[in-house]
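Structures given as C-alpha cells follow.
In what comes next, chain A is part of two complexes: it sits with chain B in the first one and with chain C in the second one.
For the complex of A and B:
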C-alpha cells in the first residue's frame, strides 16, 4: 500500500518555527510506523531525527504522537492508521529536534519519588533473598511493567498545564515500591506525593491508561496511591 | 520553539484522547458555565435597574437555560462518576463502562429538559 506520512520537523540550527514535511512511500500494512520512519531516514531524508533503541516495545524510546495520540512507533502497525499518517513529538516537553524531546523534566520528576528499593531491615539469616508471598507480589505486579516511555505523562492534561506535576509515570513507579512488602519507605514516598505537585493534580482523566503501550491500569494505580495517602493503609 | 515546552491549548485540544478526554473537557467547560450563571445572578442582584433587567433577560432566555441545565447536569453526573471511581479505585478498570453509563443517564434526562424548555419557549 502507498502511505503518505506527514512528519513534524524542527531543526533548532535553522528553524525558528516547526513545520511539517510529507513523504509518500510504499509500505506493507503489517509494517510498523517505526519501519516507515527508518525507511524515510535511510532512503529519503537522512536529516530526520527520532529516538529508537530496541524497536520491540521494551526500551520505551520511540513514544510519539501518531495521528494525534501517543503510541510507541515500534508497536504501531501501518494498517491500524490507514494511508495517511501524521507523526508528531509527544506533548509537554521541549522539542530538541524533529521527534526528539527533552526528557530531563520527565526523569527529574521520576527521581523525586525515590524509585529504588529502600530498607533498614537486616538481610535474612540465610543471607539470601527477601521472600514475598504471591499475593503480596500481585499487589504491584501491574506497575512493574512500566518502561518509562512517557506516553502516559505526556498525554495527561494536568502535565500539559504544568511540568511541575510528577505525572502518571512517576506515580506508577512510586506505586511499584509503596505496595512492595519488602520496601520500608512507603510513608516517605506518600509524603512526597502529598505535595501540591503530587497525586492531587490527577483529575482522573484516564488519558494515561488509554495511552500506555504496556496496558498498565495507571489511573487505578494512582487511585490506590490516593487511597493509601488518605487512609494511611498500604 | 526549542526553549519552550511543546504544548498549547490548541495542541491539547487536538490530542485524540477520545471519550475520556471529552468528558474531562466538558467537565471544565460546564464548571465555567456554572460560574458564569452564578456570577450573572450576583451581578443582577447587586446592580439591579436596567442592568439587572438585561442580565435577567440573558439567564431567563430559553437558549441560556438549555446551556445552564447542560452544565449543571453534566457536571453533577460526571462529578459523581469521578467521585465513585476515586473512592473505589478497583472500579477504574471499568472506566469505559462508567462513561457509557454516564451518557446513558445524562442523555434521557437532558432530552426531557430540552423538550420541556422548548415547549415552554413556544408557549405550550
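For the complex of A and C:
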C-alpha cells in the first residue's frame, strides 16, 4: 500500500521553528511505523533523526506521537493507522532534533522516587535469596513491566503544564517498590510522593493508561499509591 | 508459602501532609455532597414537591435548600421550607462545596505555577476567598 508520512522536523542548527515534511512510499500493511521511518532515513532522507534500539518493544526508546497518540513506533503497525500517518515527538519535553526529545526532566523525576531496592534487614541465614510468596509478588507484578519509554508521562496534561510533576512513570516505579515486601523504604517513598509535585498532581485523566505500550494499569497503580498514603497499608 | 504479608506503615514514618489530607478531604466532601442532595430531594418530596414542583425547581432546591428557591413553584406554604434545619443544611452545603471547589481550583493552579512563592500566594488567595464566600453565604442564608 502507498503510505504518506507527515513527519515533524526540527533542526536546531538551521531552524528557528519546526515544520512538517511529507514522504510518500510503498509499505506493507503489516510493516511497523518504525520500519517506514527506517526506510525514509535509509533511502530518502538521511537527515531524519529518531531514537530506536531494540525494535521489539523492550528498550523504550522510540516512543512518539503517531496520529496524535503516544505509541512505540516498533509496536505500531501501518495498517492500524491507514494511508496517512503523522509522526511527531512526544509532548512536554524539549525537542532536540526531529523526533528526539530531551529525556532529562523525565529521568530526573524518576530518580526522585528512589527507584532501587532498599533494605536494612540482614541477608537471610542461608545467605541466598530474600524469598517472597507468589501472592506478594503478584501485588506489584503489573508495575514491573515499565520500560521507561515516557509514553505515559508525556501523555499527561499535568506533566504538559509543568515537568515539576513527577509524572505517571515515576509513580509506577515507586509503586513497584512500595508494594514489594522485600523493600523497606515504602514510607520514605510515600513521603516523597506526598509532596505537592507528587500524586496530588494526578487528576485521574487516564491518558497514561491509554498510552502505555505495556498495558500497565497506571491510573489504578497511582490510585493504590494514594490509598497507601492515606491508610498506611501496603 | 502462600500468605500475603500486609504491612502497615505508621503515620509518623510516612508523614502527615497537606496534599494527602486534602486528597482525602476532597473524596469525603464529594460523598457528603451526594448525601446532602439526597437529603434535599427526599425532604422536598415529603414537603409536597411531588405534586407542586417541577424537576428544575426541585433540583435547584436540592443543590441549595434555600426557601427562596421554591417561591416560584406551586408550593402554597413555604414555612416548612425555611426552618433552621434547612438553613443549617444549606450552610453545610455551602461550606463543603466552597472548600471542595476552591481546593480543586488550587490543584489546577498548582499544575501551572510551581515556584514556592507562587503556590504560597495562591494558597493565601484561596483561603481569603473561602472565608469570604463562607461568611457572606452563611449570612445570606440565615437572614434571607
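FYI, the second predicted complex is superposed on the first by the 234 of 234 C-alpha atoms of A that agree within 3 Å, B and C clash if a C-alpha of one lies under 4 Å from a C-alpha of the other, contacts with A are read in each partner's own complex, and residues count from 1 in each chain.
By definition in this document, a contact is a pair of C-beta atoms (placed from the backbone, for glycine too) under 8 Å apart; a residue touches a chain by one contact, two chains touch by 3 or more.
What you see is a predicted model, and the numbers here were worked out from it, not measured in a lab.
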Which of chain B and chain C A:219 touches, first, second, both or neither: first
Contacts of A:16 with chain B and chain C, given as first, second, both or neither: first
Touching partner for A:232 - first (chain B), second (chain C), both, neither: second
First, second, both or neither for A:86, with chain B first and chain C second: neither
Which superposed partner A:144 touches (first chain B, second chain C, both, neither): neither
First (chain B), second (chain C), both or neither touched by A:210: first
Shared contact residues on chain A - chain B and chain C: 157, 203, 226
Partner chain A, residues of chain B touching it in the complex: 1-7, 11-12, 14-18, 20-21, 24, 82, 85-86, 89-90, 92-93, 95
List of chain C residues in touch with chain A within their complex: 1-11, 13-15, 17-20, 22-24, 107, 110-112, 114, 119
Residue ranges of chain A touching chain C (in the complex, touch as defined): 131-136, 139, 157-158, 161-162, 164-165, 181, 186-187, 190-191, 194-201, 203, 226, 228-230, 232-234
Contact footprint of chain B on chain A as seen in their complex: 10, 12, 15-18, 65, 67-69, 89-96, 101, 155, 157, 160, 163, 203-207, 209-210, 217, 219-220, 222-224, 226-227
